Amino acid sequence: MFKLAERITRENLIKNGEFLVIGGPCAVETEEQVRKVASALYDLGIKVMRGQLWKPRSSPDSFQGVGLTGLPWLQRIKEDFGMIIATEIVDKDQIEPTMEVVDVPWVGSRNMQNFELLKALRGNGTDQRPVILKRGASCTIDEWLQSADYIGRDRVILCERGIRSATDSTRYTLDLNGALVVKHDKRMPVIGDPSHPAGRADLVPALSRSIVAAGLDGLVIEVHPDPANALSDAKQQITPATFREVLGQIKAVYRAMDLSINRADLS
Amino acid sequence: MFKLAERITRENLIKNGEFLVIGGPCAVETEEQVRKVASALYDLGIKVMRGQLWKPRSSPDSFQGVGLTGLPWLQRIKEDFGMIIATEIVDKDQIEPTMEVVDVPWVGSRNMQNFELLKALRGNGTDQRPVILKRGASCTIDEWLQSADYIGRDRVILCERGIRSATDSTRYTLDLNGALVVKHDKRMPVIGDPSHPAGRADLVPALSRSIVAAGLDGLVIEVHPDPANALSDAKQQITPATFREVLGQIKAVYRAMDLSINRADLS
Amino acid sequence: MFKLAERITRENLIKNGEFLVIGGPCAVETEEQVRKVASALYDLGIKVMRGQLWKPRSSPDSFQGVGLTGLPWLQRIKEDFGMIIATEIVDKDQIEPTMEVVDVPWVGSRNMQNFELLKALRGNGTDQRPVILKRGASCTIDEWLQSADYIGRDRVILCERGIRSATDSTRYTLDLNGALVVKHDKRMPVIGDPSHPAGRADLVPALSRSIVAAGLDGLVIEVHPDPANALSDAKQQITPATFREVLGQIKAVYRAMDLSINRADLS
Amino acid sequence: MFKLAERITRENLIKNGEFLVIGGPCAVETEEQVRKVASALYDLGIKVMRGQLWKPRSSPDSFQGVGLTGLPWLQRIKEDFGMIIATEIVDKDQIEPTMEVVDVPWVGSRNMQNFELLKALRGNGTDQRPVILKRGASCTIDEWLQSADYIGRDRVILCERGIRSATDSTRYTLDLNGALVVKHDKRMPVIGDPSHPAGRADLVPALSRSIVAAGLDGLVIEVHPDPANALSDAKQQITPATFREVLGQIKAVYRAMDLSINRADLS
């Protein structure tokens, strides 16, 4: 088991010249389901797995997550696959009980301005884990960074996951412009989420490639062994087989950029 | 001189498996200026040049374009460099006088629902030139396609050039989601414009690469020999030297996709 | 018949301390239809009738208007009812043929940045008719005023008709905030259109009252003798009978404000 | 002191045919400050006072509220003026300690989808206090109602406080359309907040009148004895003197509607 002293830091995750890929299911549903994903990710060399124990849902009648029940499942995945675990924290009372298992807590889009949660994640200064902060669907760049300040800007990895626009033709609109502005002008690490803006699996590969090509620092992508029967986000999760293809595309684009592109415009 | 019978068609421009790159200044300012650009484009193997004779400007006090004065300059560029000429038509009375020089008329964002202009571009059926239809900044996919129907959907190349969103951190927000939906669901050719959504030159390379990586059919990019002194869009135009670099990036990403990416998700 | 010299001016229409009410059908369909409306308006003391000869439609397959065919119908309504006629001009070539009949040309939302049309409406300075300029659905206050500058700011009556927002629960969102800003900060006359933002007849009364109560200078409302069979905007047009009720509500609110409200906050 | 059994209910607050007016400062700053407001409200016959103990602020460097320190001040205002107290709850741990003093808890815009807070406000069923649920700045009507379902739809009073739009000319855009749709189609009580969408005091009277005229069930308005020196929202709070005028306007418009308006279109 990781001890606090051995915890990964933001600098471990976002290494200079590498591209962070986080994969995993929208929600942790069963131990079998998460192990299937973890195994597939392991085979592909992916080291960070996402998976939500608690699901913030628009409607109280929707699946709300397995909660702490799933924590030992994630613990065993850490032990068996050496996987780094990222999960969403939706309440400050979840921080302490999950502390030993969760390497990378994240704050979801709907909680980007839940300031009590942000303060709790800052804690008393001993917790140095990196925190992924997803952008609220209609929040400005300044609001996003101010929310990062609540946690501590040096621990935060920003995540662009789509804005709500007046002309949405998909679930959300991926805002690469906003992501580039925080990266370029504010020197903050930014990763992209192709799954939520797409809202449909068939557009995930194209948005994933565009995130790499824009020069962002990584992406987090929803992967499920059986998307059609997922308890949430069924339409936008991709299978491990598709993920393997997307990963090939991501690597190809990334390598092409490494070889031939002066990244001065982004750094 | 091209005759109507020799005109290029949409199929010539958007060839299967190739990526269309259109470069050129925001506005045609002087013959010397456009020749400089044309020469630089020629050296880079670019075959289609953009340049506006008429400039739709928010304020009546801004530069409105040189109008027909610049037409012979474009004509000589066609003759000397074999360049295909794309320019914006902002009034139906401009169609006839420019017919012999302009290979690819385009409709700007602000005129996407200027239906009288769209009807005039449809004409009587003898004009088979491809028409680029830029998307209105808050228009839906359906409205965009219905505007294409006014011209004739088989002649139109759609161009995503940024939407106006509630959280704009740049001039506009490039909407790859919308572009992918028209391409994927409607099987229409779509190119992207990285210059207007960026509104600043330093973000143009990143947005250009993301347009290629998303799998769109091409892009149109503003190139000016001396952006700082341009009469319009001074902040977002790039120099021929930067364009050469961007073109290298575009090609590298495009080749990477050709070699390794199953484009089934987009076609 | 009005002669140019007898034309009404903006100051005639927007009188200090009065509230301008313009009623009439979305589109002029038949002479019988417009006469029915004109007669109903006349009975209610309404002096300005709206009615479009040309209809800008998103789809080319939708009803496009009767065009010049309807002009004599409007002429006879002027003669028989003394009605002031407001109609949309969608092309510069329509200005001259309609000059003698149309007292108040208007520019629709989709043409707010059709600068060639705006320039043509400015004309050579002899045309002093008031022009209603509807706001584009995603245009800023500055863009709206700059478009007014193309026509001549002293002739223009601005009309707020709804913006396109990320959370539209109706056809558009009535933006009273924007209307108040142009009125308050820019001292421009602004009227409201309750019909298009509502997109449904049952919300028109409430939005009409809110326009009056906000202190705007008037409103333009769609009235049709048989909305269910209207050739356009069937869902949002109200009958003359409902219009009579709405007019009573408007007057009651307006009188309440006259008697008791210090309008200093708006003037 | 109120006991739980004597608590007001939603039906007490939103009475058929009456219009609810809630006034009070953005934030509780000092006992003197809130007593000044309470006294002014009392003199005007206002029975419900707002005032935030905790302030959710975009930046961690902004004033965060006096917290529980201010609770006895509010308690004494209840005792001395018989005032009903409404305050924002930003964390579930605040519910219990404030239970005896706070008659009407509210959920702010940024927490509309903080589902853990919503669940805590539902509690175990013994708490029957009305809860004001402000709309998130880019949330749809459906999301708003689903959030109400977390608390219990029969206890919730919805509050429209402005959306973030692509063309904001003020702090937010008051969305009467959305408010009317929830009232009309969903039969939910809806009040309006003129202060936050305005973001400037001089537009508050006009927006207040438009909220009444639209037929909403009430409004909540920020009143401060010395707005220029307020610790938050300094620009948009109005003085008790201005509030007296606005209240006169509200009553005049409301009475005009009572006397002459068939409210069938809204009920």
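Note that the chains are named A, B, C and D in the order they appear, and that numbering of residues resets to 1 at the start of each chain.
In this text, contacts are C-beta pairs under 8 Å (C-beta built on N, C-alpha and C of every residue); 3 or more make two chains touch, one makes a residue touch a chain.
Bear in mind that the values here come from a model prediction, so they are computed numbers and not experimental data.
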Same or different contact residues where chain D meets its copy chain C, judged by the half mark: same
Longest centre-to-centre distance from chain A, chain (CA-based): C
Whole-Å gap separating chain B and chain D, where each centre is the average of the chain's CA atoms: 50
Mean-CA-position distance for chain B and chain A (Å): 35
Residue numbers of chain C (touch at least two other chains): 138, 164-168
Graph class of chain-chain contacts, one of line, ring, star, complete, other: complete
Complex interface listing, chain D residues touching chain B: 138, 164-168
Chain C partner contacts - residues on chain D that touch it in the complex: 138-141, 162-170, 172-178, 180-181, 184, 197-198, 202-203, 205-207, 209-215, 245, 248-249, 252-253, 255-257, 259-262, 265-266
Residues on chain B engaged by chain C in the complex (per definition of touch): 56-61, 90-92, 110-111, 113-117, 119, 137-138, 142-143, 146-147, 149-150, 164-166
